[in-house]
Amino acid sequence: ATKNLTVETVFQLTSTDPARSFEQTGNMINRALYETLLTYKGGDASTQVPGIASKWSVNAGATQFTFTIDSRAKFADGTKITSADVVFSLNRLKNVKGNPSSLMNGITVSAPNASTVVLTTEKATPQVLAIVTSPALGILNSKVVKANGGSDAADANTADKALEFLKTQSAGSGPYVLSSFNLTTEVVLNKNTKYWGAAKAGYDKIIVRNVPVNVQRLNVIKGSSSIAVDLSPDQATNLGNKVNVVTGKASNVFFFYLSQNSTFSPATKFTADAKCIEAVRYGINYKKIVRYAGLGAIQAPGIIPSFFSGALSQKDAIVQDTARAKTAFDACGIKDTPVSIGYWGDGGAVNGLNFGSLAALVEEDLRAIGFKPKLTGAPIAVSLPLYRDNKEEMGLWLWGPDWPDSTNYTESFSPGTKVGLRMGWAAGSDSVITNLQTQASTETNAKKRAALFTEWQKEMNKRSPLIPLVQPAAILVANKSVRGVQDHPIWKVNLSEIK
Amino acid sequence: MKEIIKLSDVVVDYYRNGNTVRAVAGVDLTLNSGEILGLVGESGCGKSTLGKAIVGILQPSQGEITFDGQVVKKLTRGQRPSHFRNLQMIFQDPYGSLNPRRKIGVQIADGLLVAGMSKKNALAKAEDLLEKVGLPRAAISRFPHQFSGGQRQRISIARALAASPTAIIADEPISALDTSSQAQVANLLVKLVEEFKMGMIFVSHDLSIVRRISDRVAVMYLGKIVEIGTVDQIWNNPSHPYTKALISAIPHADGNSFMPKDLPGDVPNPLSPPTGCRFHPRCQLAKPDCRISEPRLVRLSDNRDVACVLQNAGTSPNSISLD
Amino acid sequence: MEPVLGKQGLKKRLLSGTGFTPFIVRRLLTSILLVIGVTFISFTITQLVPGDPVAANLGQSAYSDPAIVAAFEKEFGLDQPVPVQYIKYLGNLLQGDFGVSLSSKRPVIEDLREYFPATLEIAAVAVFLSFFVGLFLGIVSAITRDKLPDQIIRVFSLTGVSMPAFWTALTAFYIFFFVLGWAPGTGRLEPGGEPPANVTGLFTIDALIAGDFDTFKQAFSYLLLPAMVLAIYAIGVLTRFTRASILEILGNDYVRAARAKGLPEYLVIRRHVLRPALLSIITVAGVAFASLLAGSVLVENVFSWPGLGQYAYRAAIGLDLPGIMGVSMVVATVYIFMNLLVDILYRVIDPQMKDSK
Amino acid sequence: MKLNLLKSSNKPKNSESIWRQPLAVVGIGIIATWTFLAVFAPWIAPFDPNAQDADKFLSPSSVHWMGTDELNRDIWSRIVYGARISLPYSILLVFLSATLGSIVGAISGYAGGKVDSFLMRVTDIFFAFPGIVLAMAVAAALGPQIRNAVIAITIVAWPVYARLVRGLILNAKQNDYVTASALLGSSSRRTMFVDLRPNLSGPVFVLASLEVGNALLLLSGLSFLGLGAQPPTAEWGAMVSMGAANFDRWWVGLFPGLAILTAVLAFNFIGDALRDALDPRTAKALRD
Amino acid sequence: MSLLSVKDLTVTLATGSGDAQAVRNLSFDVGHGEILGIAGESGSGKTMTALSLLGLLPYKGRASGSINFNGREILASTKREYRDLRGKEIAMIFQDPMTSLHPMLTIEVQLTEHLLHHRKVSKEAARKVALDLLATVKIPDPAAALTAHPTQFSGGMRQRIAIASALACEPKLLIADEPTTALDVTVQAGILKLLHQLRNDRKLSVMVITHDLGVLSSLTDRILIMYAGSEVESGPTSEILKNARHPYTKGLIAALPGKVKSASKNLTSIEGMPPELGNFPRGCAFHPRCIHAVDSCKNDLPGSLQISASHRIFCPVNPFLSSKEGDK
């Protein structure tokens, strides 16, 4: 009899083409179909281990990364993996201009010989080692993909036609191969019988199904599925004795922010005020939010999640101080002017935390210190642009890392950066924080890096318009017969490791 | 006597699914002030169509209708020109001719309001009119469903009177009523015509009523007038075989077991009228000629016209016998 | 057709024949216009309201990369002026090209080909079920007018149209799947179940065509619960409508005449009442079917039924214009087609309409 | 053929007062109860509907009759306050679409000809249009708020009224009383606004009362999908969707669902009875 | 013994404002081969009387009293017994031939369905009967007519078809409810002739309902005049029409346009209007409109008064009035 594994999740999936897939479900599946130069083991996201590359080195300035391809590495069809495949895959990723293409920003790929690949950057980029673990950088069989319309040329955006092919079969070297793909119902993986690595596939077949969270719960209780991926801490209680609950810290950090300089409402000039920010920062009842977030959740002391280098500890976390908040509120002069709070409002939930409920919690706290908040959530399609274009007075959002490294945070949240701008925090508005950011990005010594990240966060906590709220638990519920289930911040479940 | 309505060669067509139904096929007629002209004929022969054309509800596709010397124009969406308001119509269905959801007072007053009278005066006048048609003044604030058919017909008459008509087309005003109400409403109409010196065209399929209240009678068959004359002439001395048949089909309520005579066949479909004399397929006296040439209305004597070949040929009217 | 007067009538006469073929041709022409109207309205409304499909469909880092945004806009033609987009859309439509879905990144026509049959399958079963149940209950209710069975059926059918479908679906699923274990889970087949070779897209039918009875049983058991939940509303509608039309027809002279002949009641009902009633009931069933397609949104959501409803939901909240237009057009076409079919049936069944000249 | 009017029209109207119909009385009772709860919510609700505290998901007890939700808000209190959203907004929605639809229908019926054909084609299109899809798209794009959901549904809900009003006008226009008032000198505009208005208001009102239930279903459906009322507003559909995420806490979804069911059912009872009280011909116009 | 003998028939109907008696204590007989006419104004209960014979009263209507048909009491019949009676023993034709034939069924079905049901004959036999019947009622080309639908016929033709259908099972009694009201006089004459002929040829008993005294005069042997659900006068046709005794009957006759042209255009009429169901006056229902009414009329139900062996009236004052006086 064949040994099957059923994994249920709410699909966040567009395709199984690594170069075009950047969503959680896609990462989970691609992690099993394709291999990357380096990767992580278990739930760890800080120490890279060999993937296709058996050895690697970094130059002193952190601008050149050399990888040596494992001589045993073979694709599922038996062909040997060469540096040409790597160059093709990474260039294709860069040029198809899909969602994950920005990972390759500033990186050039070259292959001095058939078993060596060199990645070069212009400025120091120590996080390249983390970036190459992303499933988007999975290595495809260049011959097969090219034969089926694939292209890595500069115009791959239009020239590459391999998307459809890659939905019908995979062209990778992972322990599983794609059997069937359906965007809305299920993706079926088969065992790669010719897998070259030591850790062979644990199952003959893995079925990843698209199932709403509440049904995931019922199914896993009944034993009709093996792993439920998306349960909230609340839903992970009273499950009976057939299942194990695996908890980790989610990579997502929810945060609340105040906009600095939008032009859409007279109230904004008050929310720009340091006093206003202070009022909010000390007005929020973090304990209540953590309690709502349930089992395994922690208050986010800083924006960098607990498992990355330089993360703050709980003692650094802001503690609610209503009196201080009220004083600050009175000083900020916003008085009765209503302020709107944007968020993902069509019932969106991440890690079981419903944005609407979180917003309701924050709303109550702000109201208590004198604000007149108004919740204006909207579906992603509407609310996300508002947030991204700095058109929200206040917002409730979350950040999940693009690559598992703290630089992803410093480079996204400092003044003048991506999220910084969304809060109206222009470049040059806070030189201390900006300095810490640049230092951290070029520092290659791990200890020193960590110290810089910590310092950066502490400064952020003093004055940034951004207030980290909660780092929820990541919960996987698995049937007791299933072993090796661990939560991972990037690919959630490493299907290859499950036995 | 003044000619109040004059029709010359009026033709009215309906268009239906691409076919033309010629419901009125060339009618000449006059109505004088103070007279009641009865218009009789079988169902579907075009009586209502003609009536509607006279007041301007339908547009004749040919010919001319004048009221008081002015050519009647088709009703448009705007207000009817004020001088035509003296030309009114009374409808057959006492239930459809009053708005069930409005009090009768305002319905009667409408005609006065439109003419520019103040609301208060108009309602007062409406009460007067109700009294005139024999209903209590208090009825003004009641709804139509609180009245019987006969009473409703009186209300319709009061409404028409609000426009001080000089001519009324009454399209089967009593056909839908019970015997006793029939008499009451007919009497009312006769009284009003006399009182106001109006002219009235009284449409009916019941020759016996027409005979009692009309001065003249026009007999219609399939869109054409086949005979016109005074009541006595027509009743006692029908010149057209159809008129004769119509009269002999009326049962007599005399207890003598008189069996009326039927006229075989139905009124032909106006979509494809018979050639020649329209009556010839049902006429016992039809000659081969009748199939070909269409007889015109000819004057037999004063006030007496008939459209029949037999008459045209000079046969004396009295010589027609159907028995 | 109502008679018309004057010049206007003349024109109409010239434009229209009375036969069956001109009728069909005319109806088809208006139907096409209607479908285009539907695209126009969905296009206009989705353009009028704010919202940014680009942001909705790109990840956060991709969105801040102008090159990727430009590429995305180019790919989906969003860089063109709005009227041009619409004209282009219509032009493509003529060639059977419904555009590419922003959310699924594949041609809308393929999406529809996949999702439409899934919804069709439950909607058809629901209508089939509700047609017979509704007809039966409606008849019983009408002939036992004001007696106990009628009272019960009336409350029942009113409850049917008053149930919030999403709530019914949840409750039914919880009870029949989780508590009682009678219903299989969500989806169309069991996990990893191999869909039958695609002929119609309806799994049950395809399974039968393939002679695969096990898959048929499986597919059928999966669709039964969602279909029944959908049917509750339709049963309510059809029961009420049937009752009303039968009562109305029972008031006709010809029914009294039939009773005066001493015919047994079942014959009176079947021959004299049901036949004319069926005409209008079929109309309503046809429209109910079309509205079930649209109404399946909430039910599919609960049963994660991979159908048009879910697709529509995702397209709507993702501001996926081609997707929204595609769904609208399919549903509208079904609606219009059902109406056309009903009209044709009318002309075929009812001699009165045939004879009227 | 002569129509015989003696018989059919002399029949007494078989309209029974709706107070004599038990279902209607039940319906009126339920709506009265909900209205009472809504109006006096602050005094009736035992808790602040938005008060959050430490626990969550308490099952029904003597303190929390219907339990509490994930933020430990008292569900009974939220349902009571929810009546303040669901009922008035459904009625507002029906009022808006009835007004819009009646105006379109009236214009169509009044103008006739090309305007009529055009407007009727437009209503046909809206009829053919999958309303909920449109409503979802509009609500999504405008941002989910109960107000926008109302706008969205109004956009798809008006055509029934347009058709009804147009039909009634065309029907009424055939009546002799319309001709009679034209002969008296009423312009058609006057006929429309003076003569026919009372004929339209009854059926429109009945249709509206039949539609309130549907409106409530649609509104709560949009909220269920997250496209209606925003937190922390207590709205029944949104509350059911909370319950959907927590099947085993059956009380979270069950009670708000029952609230919707009873309110819709009550509106339907009333609408049905009103329609039965209407004369049969107009009632038929409503059904088709 | 007469074929039909009705005693004290009372019909109660449910109206918007409670129950009301549409027919009150009506008694009459129809002899074998006799044509009885029932006349009266609209709403006087003629149709309800007819329907009660067939057990076809409208929804929530009920009848009491006694109806003896062919020696059998039928008022208390079960549904089944009524069904066996209808069409087979007693047939009925209705007022409006446009609506009393089913628009979607062929003439053949409508002519033969009850024949097939009651007589259990074969289809072919039934078709033959139908052809004969169509010939009897003078439908041209019966064979073609069989396959046609009612819409293809004119009103007069449809009424003939309805009559043919009523005759299919050779009933003993034919009830014709206003069979000619909807028809033109010219067509009416044909139908009257046909009914007359049928009676003579088939020895059929007929009950004709009409408000047209002319029709009664032509067709009937005896007349019963109803007012507000009760009989006011009954007797042989010629006697009633020539020598009516009841003020109401006299009024009706006087209101006829008449055979002779009088000098005045005015028609004689009965003032006032008939009472509505549920609002029948106490005592003699006619008293508010009656010029001869005396005080007792307001309170006492009028008893029957035999004028001659077969002629009676329900009026307490009338014996003192000669028919001449009533004409005023």
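Labels A, B, C, D and E are assigned to the chains in the order they are written; within every chain, residues are numbered from 1.
Throughout what follows, a contact is a pair of C-beta atoms (placed from the backbone, for glycine too) under 8 Å apart; a residue touches a chain by one contact, two chains touch by 3 or more.
Keep in mind that this is a model prediction, so the values were computed, not measured.
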Contact distance in steps, from subunit B to subunit D: 1
Co-neighbours of subunit C and subunit A - touch as defined: D
Of all other chains, the one whose Cα centre sits farthest from subunit B: A
Winner on C-beta contact pairs when A-D is weighed against C-D: C-D
Euclidean distance of C-alpha centroids - subunit A vs subunit B, Å: 89
Centroid distance [mean C-alpha coordinates] between subunit C and subunit B, Å: 53
Distance from the mean Cα position of subunit E to that of subunit B, given in whole angstrom: 31
Junction residues of subunit D - those touching two or more other chains: 1-4, 6, 10, 13, 140-142, 225, 227, 241, 244, 247
Multi-chain contact residues (two or more partners), subunit B: 43, 149, 178, 205
For subunit C, residues contacting two or more additional chains: 50-51, 174, 178, 301-302, 317, 319
List of subunit D residues in touch with subunit C within their complex: 23, 113, 121-122, 124-134, 136-138, 140-142, 155, 213, 217, 220-221, 224-225, 227, 237, 240-241, 243-244, 247, 250, 253-254, 257, 260-261, 264-265, 267-269, 272, 280, 284, 287-288
Residue ranges of subunit C in contact with subunit A within the complex: 50-65, 67-68, 71-72, 75, 104-106, 114-115, 173-174, 177-178, 181, 185-188, 191-192, 301-302, 304, 306, 310-311, 317-319
Subunit A - residues contacting subunit C, complex: 4, 6, 14-15, 20, 22-23, 97-103, 105, 157-158, 163-164, 182-186, 188, 205, 207, 209-212, 215, 218-219, 222, 224-225, 346, 379-382, 384-385, 388-389, 402, 418
Residue ranges of subunit D touching subunit A (in the complex, touch as defined): 50, 52, 54, 56-57, 70-71, 140-145, 225-227, 230-232, 238, 241, 244-248
Touching residues on subunit E, where the partner in the complex is subunit C: 54, 56, 59, 79, 82-88, 91-92, 94, 96, 99-105, 109, 113-114, 117-118, 149, 151-152, 162, 165
